[in-house]
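Take a look at the structures below.
Next, two complexes with chain A in common: one pairs it with chain B, the other with chain C.
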Partner chain A sequence: MGSHQNDSVSKHDQSHLDIHHKIAHQKELKQHIVSFAMMIFLTMLSFIAVASEAISTRFAILFILVLAGIQAAFQLYIWMHLSHKGHQYPTWGIFFGIGVAATCVAAGAAMIW
Partner chain B sequence: MRAEETMNKLPANPERATLEGKNKFLGFWFFLGGETVLFASLFGVYLGLRKATNGGVTSQELFELPLVFIATMLLLTSSLTAVFATMSLKSQNFKAMIGWLVITVILGFSFLGLEIYEFNHYVHEYEHTIRSSAWGSAFYTLVGTHGAHVLFGVSWITLLIVRNFGRGLNLYNAPKFYVAALYWHFVDVVWVFIFTVVYLMGKVG
Partner chain C sequence: MSAHAQKKKNPIWDWLTTVDHKKIGILYLATGAFFFLLGGLEAILIRIQLLYPENNFVGAQTFNELLTMHGTTMIFLAAMPLVFGFFNAIVPLQIGARDVAFPFVNSLGYWLFTAGGIMLNLGWFLGGSPDAGWTGYAPLSTTSPGNGVDFYVLGLQISGIGTLIGGINFLVTIVNMRAPGMTFMRMPLFTWTTFITSGLILFAFPALTIGLALLMLDRLFGTQFFAAEAGGNPIIYEHLFWIFGHPEVYILILPAFGIFSEVIPVMAKKRLFGYSAMVFATALIGFLGFMVWVHHMFTVGLGPIANSIFAVATMLIAVPTGVKIFNWLFTMWGGKVVFTTANLWAVGFIPSFVLGGMTGVMLSVPPADYQYHDSYFVVAHFHYVIVGGVVFGLFAGMYYWWPKIFGRMLNETLGKIHFWLFFIGFHLTFFPQHFLGLMGMPRRVYTYLSGQELETANFVSSIGAFLMGVATIVMLWNIIQTSVAGKKASNDPWDARTLEWAISSPPPEYNFAQTPLVRGLDAFWLEKRAGNKTMTPAEPLDDIHMPDSSILPFMMAVGLFIAALSAIYSSWAIAIGGLVLTFAMMFLRSVIDYHGYHIHKEDLPSEGVDGK
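The block that comes next holds the complex of A and B.
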């Protein structure tokens, strides 16, 4: 899909473009609903893992941290559209932030006695 | 341009069609990178101090999972309605976009209501305050900073709705709506880590 349209776009081409937009729109809508269901599911898994007596503390902590990471990736790539075209710089920006963030967390968590 | 005007259409990605829009989009993502670091410093401190209860109430005794679960669902759903608003923006359906944003704001306020109830409960029933222990300070600073972001987000989106209500969607306000929705998603990303690191990890010990 071109990023700009000009005078030469005919009515026919326009309706063609509209149909393409519509199909893309429907596809995206489905994707969002699927990721919403996934996130609800992951959240429930986390809560169940913690509420359940059968799962050891150590494993539960590791498990919920991994699930949180997956949920964050869903949010960033699908809901915040990082996977779409034209997001190279934002990706660099946010990953730079995440890199510094991980260092911060490691420092804070490990170095406070 | 004329073809678009006569058919009353904006370009395919109206939020990034102008230079100003492109700059806002890029600048906002860098801002979110910085916000990530802000929250990371608070998370790091929280992880270091989460057992420092000073003889007071512990996280296992304090937290109630049902309340946290409801708050999580409210915020997660509001993130979905915000993404629907962004989709309506892209398909240039102004009314639908405003509708989804109004629902987002309502869900955001409900979340805030729960949080206020929760903090009030902790302070008055358990005497767990920001001054009672190092853990208390870390807890209220981290969760409170997130709450302040939610408050800022709902105020921002409300102002956008009110200011642009009679205007319709155009290349000037499309980036504003888009960026506000991004902010809202980010607030939800932070909450994912709060419910995991603070509440769930606090519950298992």
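The block that comes next holds the complex of A and C.
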């Protein structure tokens, strides 16, 4: 990022940085609004799935579980900023933990006689 | 050391309250060594019983207890704490840190482990030890009469909590506390294996916690999770145990790999061959370790598809392990190899461990496993990998780091006698067991009949076990003799490569007076090549902040111990009292502010970074 003497950023560079931050900020704001709307929509869908007579209970349960997974992803990535830089360790930890937990559940549920 | 010197503390109080990673390391090593001797004694008794056919040295019940306690003690109470002892004593030094990330939690981990270890061994005095094997399979464990298995369940649960928080502590320490310039790919291999091992602990131990919790509910509270007649399922316990159990064996072997990766380059005067491949192989072994647990359950009857998938996954692990073996060989290749005792263990490890790896691949073939399963072939296999790998690694680490930890050299001649006696004894004990297994001798059975051609091999095996016992006595003599009249160790007796050798032996309590600047892999070696006697400091000399010592971790462990012991005897009032004690200590920890104290820079020796 440009030449800077004595560790200080020149005025010109500073204005550049500001613009970049502004763009990143606006992008994030948009993401937040979209995900907020999506999450409300998904919540409505799950209420409908339960309330509606047309949808069987079995399907409703599976459907809600899938929606819950999507909601959790929204929560982690959009609201808890897991997508930002410097979150490799939490990301690795969460997914490896989910993997091991899923393995246990799968073994207990499917690999028995 | 200097003027700050806290008023002379009572040494017992000092050890009970210490949060210094070096002292906690010594505590782990001492406790682990004690349990190692205990487990070894149990092994000798087992081998005396099997010396002759239809022997009556100990009865069947005592044999079951000895066998269960030998396995449990060696895995959980000897190998684990010895590994943690080296983590504590060495890793903060290797990354140029002043302590671990959470010194208080470190001390808590040690005391919980010790409380659990004592709990496990109480059965010897309170009418019967655990007798359901180190795996504690249900329904054998749920129906075992008496309190033996209760000690197993609650003892392991308590020591498991200690191990888990210890693992978390080292993850955070290695992520956050490396010296300036020490990137991940500049970390010594022992630090790398500590890091991966801590990750395995974090993810594997919860499965054990669940398994033991369900077992506890079945035994103490009358639930039926594993009771088939009530609709429960014992296979679930096997799954939970091995989802933990297989990563557990990598938790033990990876630190040993790390120790060899430190010892071999130093003793060959060459940098480690294929550093990045070594790191990658370590990570891959850790990752694959979670995908192979079913190979312990091939004969359960999960079907050919499950068995085949897990067979292939198991064979896959031979690849990164082979990479490591070749890298060690290539490190020695063309090097100026010095056969110090530490290096003898490392060199002796390679053929021994490869033998265990070979039988491992044999066992990974399900149709063949139906023949080997529960026979002495399996016993031979896992002793080859655990003794030939883990124990050799721990001995290598002991001879290598002893001068750094205790400030005195061990006697090399006695060390070499120890090595040769143990090495010969080890192969004498376990090599014949391959054939005993192939001839059909089942494991875990307290005797065998005469006239089945099992006598000679069993006799030889027992003689080998006695030889290992003699070797251990030589080691003890070495320790006693050198701690009384041993040579003082210099800072860097092996002309080594990593940061821990840049400071005095033993290190001062603050480790590094100034945090060192790391310029590459083998940081201290680089400085020595550049003609520097010490590390280049990364910061000006300043006051050093030290953590306060605390009795709370010890009291928390005491509380849990009381709670568990009373729960076994259904004294619920006292059990609740014990829990209250633990929670009260946690409350105190939360409300009392610990400010620590400073060692002022005026009080530091002027030498700077090497902390002399």
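Following the convention adopted for this analysis, the second predicted complex is superposed on the first by the 89 of 113 C-alpha atoms of A that agree within 3 Å, B and C clash if a C-alpha of one lies under 4 Å from a C-alpha of the other, contacts with A are read in each partner's own complex, and residues count from 1 in each chain.
The definition used in the following text is that contacts are C-beta pairs under 8 Å (C-beta built on N, C-alpha and C of every residue); 3 or more make two chains touch, one makes a residue touch a chain.
Quantities reported herein were computed from a predicted structural model and do not represent experimental measurements.
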Checklist entry - Does the superposition put A:48 against chain B (first), chain C (second), both, or neither? => result neither
Checklist entry - So, does A:107 touch the first partner chain B, the second partner chain C, both, or neither? => result both
Next on the checklist: Tell me which touches more residues of chain A here: chain C or chain B.
Outcome noted: B
Next on the checklist: With both complexes superposed on chain A, which partner does A:97 reach: first (chain B), second (chain C), both or neither?
Outcome noted: both
Checklist entry - What is the contact status of A:67 with respect to chain B (first) and chain C (second): first, second, both, or neither? => result first
Next on the checklist: Tell me the contact category for A:29 with respect to chain B and chain C: first, second, both or neither.
Outcome noted: first
Checklist outcome for this item: Intersected contact list for chain A, partners chain B and chain C 89, 93, 96-97, 100, 104, 107-108, 111-112
Checklist entry - Mind pulling up the chain B residues that touch chain A in the complex? => result 1-4, 7, 11-13, 16-17, 25-26, 29-30, 32-37, 39-41, 43-49, 65, 69, 72-73, 76, 79-80, 82-84, 86-87, 90-91, 182, 185-186, 188-189, 192-193, 195-197, 200-201, 203-205
Next on the checklist: Quick check: in the complex, which residue numbers of chain A touch chain B?
Outcome noted: 1-7, 9, 14, 21, 25, 28-29, 32, 36, 39-40, 43, 46-47, 49-51, 57, 60-61, 64-65, 67-68, 71-72, 75-76, 79-81, 86, 89-90, 93-98, 100-102, 104-112
Checklist entry - Where on chain A is chain C touching in the complex? => result 89, 93, 96-97, 99-100, 103-104, 107-108, 111-113
Item to check | Of chain C, residues touching chain A in the complex | outcome: 175, 199, 202-204, 206-207, 210, 233, 235-236, 239-240, 243, 290, 293-294, 300-302, 306
